[in-house]
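Structures for review follow.
Okay, so chain A shows up in both of these, paired with chain B first and chain C after.
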Partner chain A sequence: MPEASAKPAGVPLGTQTTKTQQQKGKDKNSAGAQEAKAMRKAEKAARRAAKVSELGKSSTPPQEAIALARVQSQTKQSRAASGTSNAGSVGGGSSNSVVNATASSAISSLTAQSTAIHGSDILDKRVGLFKHLEITRRSGTADAAKDIHPAILALTLQFASYTVIGSSARCRATLRAFQTVIKDYRTPVGTTLSRNLTNHLSRQIDFLKTARPLSITMGNAIRWLKQEISVVSIDVSDDQARESLIEKIETYIRDKIEVADRVIVQSAVKHIGNGDVILAFSRSAVVEQVFLEANLRGIEFSVVVVDTRPFYEGKEMVRRLARAGLKCEYVLISGLSYVLNDITSVFLGAHAVLSNGQLYSRVGTALVAMSAKRKNIPVIVCCESIKFSNRVQLDSVTFNELGSPDDLMNISIDSAPKPGPLKNWRDLPNLKLLNILYDLTPPEYIKKIVTEVGSLPPSSVPVIIREYNSA
Partner chain B sequence: MSTVGTHISKEKDLNTQIESFVAQIKRRQIQGSYNVALATAQLLLRVVSATRWTHIDQLITQIKMLGKRLQSAQPRELACGNIIRRVLSLIREESEDTNDSESGDGAANSPLITSMFSLLSANDEYDSSRMSQGFGDGTSRSIKKDLKPYIIEGIQELIDELRSIDESIAGMGVEMIHENETILTPTPNSRTVLKFLLRAAQKRKFTVLVVEVFPNDVEKTHEFALKLAGAGIETTVITDAMVYSIMGRVGKVILGTNAVLANGGLLASAGAAMICQCANVHRTPVVVCTGLYKLSPMYPFDIESLIEVGDTGKVLEFEDGSLVDKVNVVNPLYDYVPPESVDLCITNMGGYSPSFMYRLVLDHYRQEDVIL
Partner chain C sequence: MIKSASPRSVYDTDIMAPLETSPWTQPPDSGAAEGFDIVATYRKFLDEDPDMTMPVAAIESLVVLLSQTEPTTASELMDTLAKAVTELKRGVKNSISLSAGCDMFQRFVLRNIQEYGDWEACRRHLVKNGGLFLERAKASRYKIAELGLPFIQDDDTILIHSHSRAVTELLLLAARRHIRFRVYITESRPTGEGLSSAKTLRDNSIPARVIVDGAVGWAIQKVDKVFIGAEGVAESGGIINRIGTYQIAVLAKDSNKPLYVVAESHKFVRLFPLSPFDLPNESPNASTFTTEPEDDEIQSSPLLDFTSDNLITALITDIGVLTSSGVSEELIKMWYD
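Let's turn to the complex of A and B:
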């Protein structure tokens, strides 16, 4: 989502700070009343928890889930309404959840027992195979430490509500937020910028991680940025250092994402010929650009977009392609084998490509690649080299990201949530919903990876990583 | 006069019954191959008991005509044609049995082929001898009198078989599932699979991964999961896209189907082909639970014509006008699963390899009835 990420997070910043300031002011003014209220709530919660433990099961969904659902539905609604005020809507959503989160944090700090019970209740609903993965979905920013920059607070909420989604978009948004952080950063007396700024950024990053785990691209960018900070000379003045870092980040975004995308598009567009029917899965910003470029060049081809629950990212892509006048077909992944007969090639995006050649991408990618391979349809992956990772992994279970299971309960296909028969799924002890976000596509399904440093087979990924790291 | 009058009114009554049945399957008021099969068998029972015939071939032609009508009403519901063919083969069998016993010339009529030599010559002779027998001797009247109760009894047995099918399939559940196994099912709208799992759960403790098969019948899918969980089975609902990532941990894929074709291929709900392929890649066994009434003598020469396409409003909401106008949306309801993707078919007659299905077809249907 390049638009959302390209937008500087300035709009919500104002509202965000004022909201938190108001909150703080209120806290100071009526600290006593607030505390009493919190105590009463905590007592109630403890009583409820005792009742729950007696019954052996809980009938109330966790607070976090409710707050989260509220943020999501609000952002979704406002997105549908205006379409452009993404950032603003997150601000609006957060104000609501801030209140909720203060209540829940007060409870949790006062009655450790009740949260322990609630905690185990959430654990019970986790699928055995994936218990090692944590659900880190933040719903508010009220418990944020003082030194977390408002730009980071806003971004965290945007990540948590999936308003900013997609690994390049997230990387870009993070780097832009870091630019603001660095701009507002003042080195405390007695330390140097090169030492203290890294710590300061680490705090910001830790907070970002509470929304969603870092993407591979973000990890790579952060590693690079820390390296850049550490080599800032002590002799350079703070102003100069900040300026040069902001400049460097700008160059990094341009080189590693924007220019890289352009190079990939130029290279990948050669794989589209007249009369081709090309299949794409979910949404990838760079694959979308490839199609748009091919269309601009006057190539007559059509695109089949295969989409999946619960994000329906492909819908956004098909919307943009259709607007550009491309001939499109839209199908959900259950209909994959029905549309596959006419396909000439498959274009896939990536979240990351691992060192053993495995493609780590939106869940469902592996199924698409497998089906294509079975029919001898070439699978082409478009991927910036910033997405290459040193990590190795053999299956999708050991490392993955869990989404909210409640997303599966919703059976609507548009922005208005519609709970299906599973709306009370938390009451049934044996029932679980699994929502993982990524899967791993084995290298043998991939014909070619198109990157800005050239096209290569999956087996050559470690070569690029080595060259890239040594450069 | 009065008997003729009742006969005419009976025939009228029958005609309206057939009309309403055709309308019902056209409008999908009877859905699911089991319901269609049962309704067809019951209709045939009424047809056979109400029809008068002087020669058995008249009855056969009449039922064939009816079968043609029913099939054109819903060409993709193969269960309907299957039941018609089952009844036809039953009628033929009964008539041959009587012929045999009457003519006392069992050896000539026997369909058993004893030597390779007769493979080439027997068929023509067999047919012509039967034809001549049928029209030649004056036994037709006695056949008519004798046959009706037998045919009705046969259809009644068929209906009983249909009713007990899920039970006999479910009985094999314990043999198929071991303790602590993880089962994945890509067809959660199948009542056969539901009963199979529920029965197995009485003796075994296992986990079931329910694939949603979005967007068709999601409500049913979710209710399926609720039922399993309610019965104490560890149940996890996953989306269609997650199948590949979790297949490595799955012990068996158990699916229901809408039809089994003569080559052992399946017509199952959308997504099944992809999931079975995924199971093949991971060397996970694929087990199909099906009643024999779903076994069709057709071969899938034209796969696309067998696959029905459903409501696209379930994929992309019609309110999204700008998109609906420009984009072609597809919502296939079924998938063709090739026989090489399937490891085992569990039927009410026992378990068979899909490559053996053609033999069951020969056992249950007559070659001359394949085209109605």
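Let's turn to the complex of A and C:
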């Protein structure tokens, strides 16, 4: 997608190039329909303009008018391609609309309504090293195909607005949505459930991906679910098949996330002793539960929550811990070296653990782990085995996720957005903002990974993946 | 009837239990297995055979228990075993390597129960194969010696710590194969076990020199490689061993000398300490401070320390020469089904 839309910004506005550009754009199917519509509108406008010029005996040849109209349609096309769903509704009239759109996008908040990415301007504003990463962030569901289930539409918006955040939570929400999808699914005549449902789900998943890339947990769960669907016997009635699939998903959620979390908590809590000062970074649901459990067991310890912009996820954690009566300290990552002196151990959550032992987690984790290692403080990662990935990655550049750069501009510390000094960053030609979401922590910094199948060093991740696949 | 074999059940067994409840101070539970004193049996095995290691003696005592008791159901059997293991761990000081053997045997029994439908046949099979299990455990030391032989070369200067049967076995085999080498041995306070190592080696005409523990830093320059035994090999591939091992490992790492751990695979234990303070604390006095002079201060000094995996070059075991991550792989395979 970005390739198609990246070009118009750079090419000189000539009829010939515009045409080929549009031809290219047509190949990309999702933008195709809107683009064709815009084309028709633009040509109509051009014919009108030609008529006017003829009436007014103007010297402007109709050819030029058509070219002008095409340029307009092209700007619209690029906007449509970059995921702004309401591009079609922008009037085909003046070319000023592009400028207007840019201005109106200056403040974008974390809420679902915000349109984060606008047209080609954002593409020029991408940081060179990370240009290969897609910015996919949807703001509406107007362009959804009609076979996308409402549960998926809702979930997509929740993902896009970071209302549902965290890889376990996203996985669980996805599976629950799939349960609804499967419940409402009816096999079309002339096909079987085991063949058709997979396709149906794939379309739902493709739509989910327009909000954010799939998390590793979701990828693992989807792979499992598709496998389960494919082995549904054709002799089983649809009702039975649906019921058993829903049941299986329920078991999967329970075993892989809920029970797994409980086992991890029971095991990790043994690392907290009286008088400990534990550092946690950002927010992890499991780590939070570990602390609450330790508190329930009457262990006297305190927690330092290190947080980071732009999500401030740690706030939620510190709020919950404080409410449970724990002694907490809250500091931003810039104050890390200051608090590190008193820390006895570091607890981290994970987005994923790769098979070379690298921990893929919220950006800033690597910094925390490295600083802890430097002070010889043990770093313990709490992670369900569903987060283990077969992938190998050596740096956090090749694969990552980009958030909206506008999130960095927002200096508000509560939910209401407030633009800071960077408000006009789009107008500064030499300024680019990078809002990267994850980083990679090398295995040397990690002492131990606590999973539901036991505690292991990072080097043993591939063993678990292999034993699981063979089992 | 039979305990579920999901990965979780592994975790729920009592492997970690001693750490949190610290049962060392509690009096032993007398009513575990009527008329059979597991601790006494265990001690007898150790006394009778100086070559016997703690995990093997523990397994042997459990096999005896199995042949003497008449449990009627599988769960009763597991229960009896679990009780005996707890009693044994309570009754014996320094129970880490012992618990490795117990855990392994419990695992072995559990697996066999699942395989056999017929209960009586299962029990007979267990008693018979328990013996086989023991034979294998005992033979492993000789296998290790064969596997470790290529690591010793002519004109080597070797440093060993304290006394380890596996290391001694390896060195004796190397001498029998006409490899000529010298050995530095640490005195290993407070037990002084290094002296007995020196005697064994010299009796077998291996030139040896005993140094005090503090002299390792002096000797390490002249040492080519370090061989160390282990009380237990943790899940990370780190080792739990006689006090002083950690500092030797740090010194070896600093001077880039390879450090090999020589240990039987039945010493692999499902523990994952991050520091020596995660081990059962048998010398609580050592972490308190006083201004008063104390008489038995040296005696209350700790006996075990933990050496983390990054300081270990390789582990020479009966299932092959492993890296640290290889150990955790073996442990996962052993416990995962």
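Note that in this section the second predicted complex is superposed on the first by the 351 of 471 C-alpha atoms of A that agree within 3 Å, B and C clash if a C-alpha of one lies under 4 Å from a C-alpha of the other, contacts with A are read in each partner's own complex, and residues count from 1 in each chain.
In this text, a residue touches a chain if its C-beta (ideal position, glycine included) is under 8 Å from a C-beta of that chain, and two chains touch if they have at least 3 such contacts.
Only a predicted model underlies this, so the values are computations on that prediction, with no experimental measurement involved.
Trainee: Do chain B and chain C fit side by side on chain A after the overlay, or clash?
Mentor: With chain A aligned, chain B clears chain C, so fit.
Trainee: For A:129, is the partner it touches chain B (first), chain C (second), both, or none of the two (neither)?
Mentor: The answer is first: A:129 touches chain B but not chain C.
Trainee: Would you sort A:455 into first (chain B), second (chain C), both or neither based on which partner it touches?
Mentor: It touches chain C, and chain B stays clear.
Trainee: On chain A, which partner's contacts cover more residues, chain B's or chain C's?
Mentor: Touching more of chain A: B.
Trainee: In the overlay, answer first, second, both or neither for which of chain B and chain C A:467 touches.
Mentor: Second partner only, chain C.
Trainee: Working from the superposed arrangement, determine the closest approach of chain B to chain C, counting only CA atoms, in whole Å.
Mentor: Minimum C-alpha separation, chain B to chain C, in the superposed model is 18 Å.
Trainee: Which residues of chain C touch chain A in the complex?
Mentor: Checking each residue of chain C against chain A gives 7-8, 10-11, 16, 19-20, 235-237, 270, 272, 274-275, 309, 324-325, 328-329, 332-333, 335-336.
Trainee: Inside the complex, what are the residues of chain A that reach chain C?
Mentor: Touching chain C from chain A are residues 259, 263, 266-267, 270-271, 345, 378, 380, 447-448, 452-457, 459-460, 463-464, 467, 471.
Trainee: Write out the stretch or stretches of chain B touching chain A in their complex.
Mentor: Of all residues in chain B, those touching chain A are 207, 209, 212-216, 218-219, 222-223, 225-226, 228-230, 232-246, 248-249, 269-271, 273-274, 277-278, 281, 304, 307, 314-317, 319-320, 322-323, 326-332, 335-336.
Trainee: Could you pull out which chain A residues touch chain B in their complex?
Mentor: Chain A reaches chain B through residues 127-129, 308-310, 315, 318-319, 322-323, 327-339, 341, 362-364, 366-367, 370-371, 374, 395-397, 400, 408, 411, 413-414, 420-422, 425, 428-436, 438-440.
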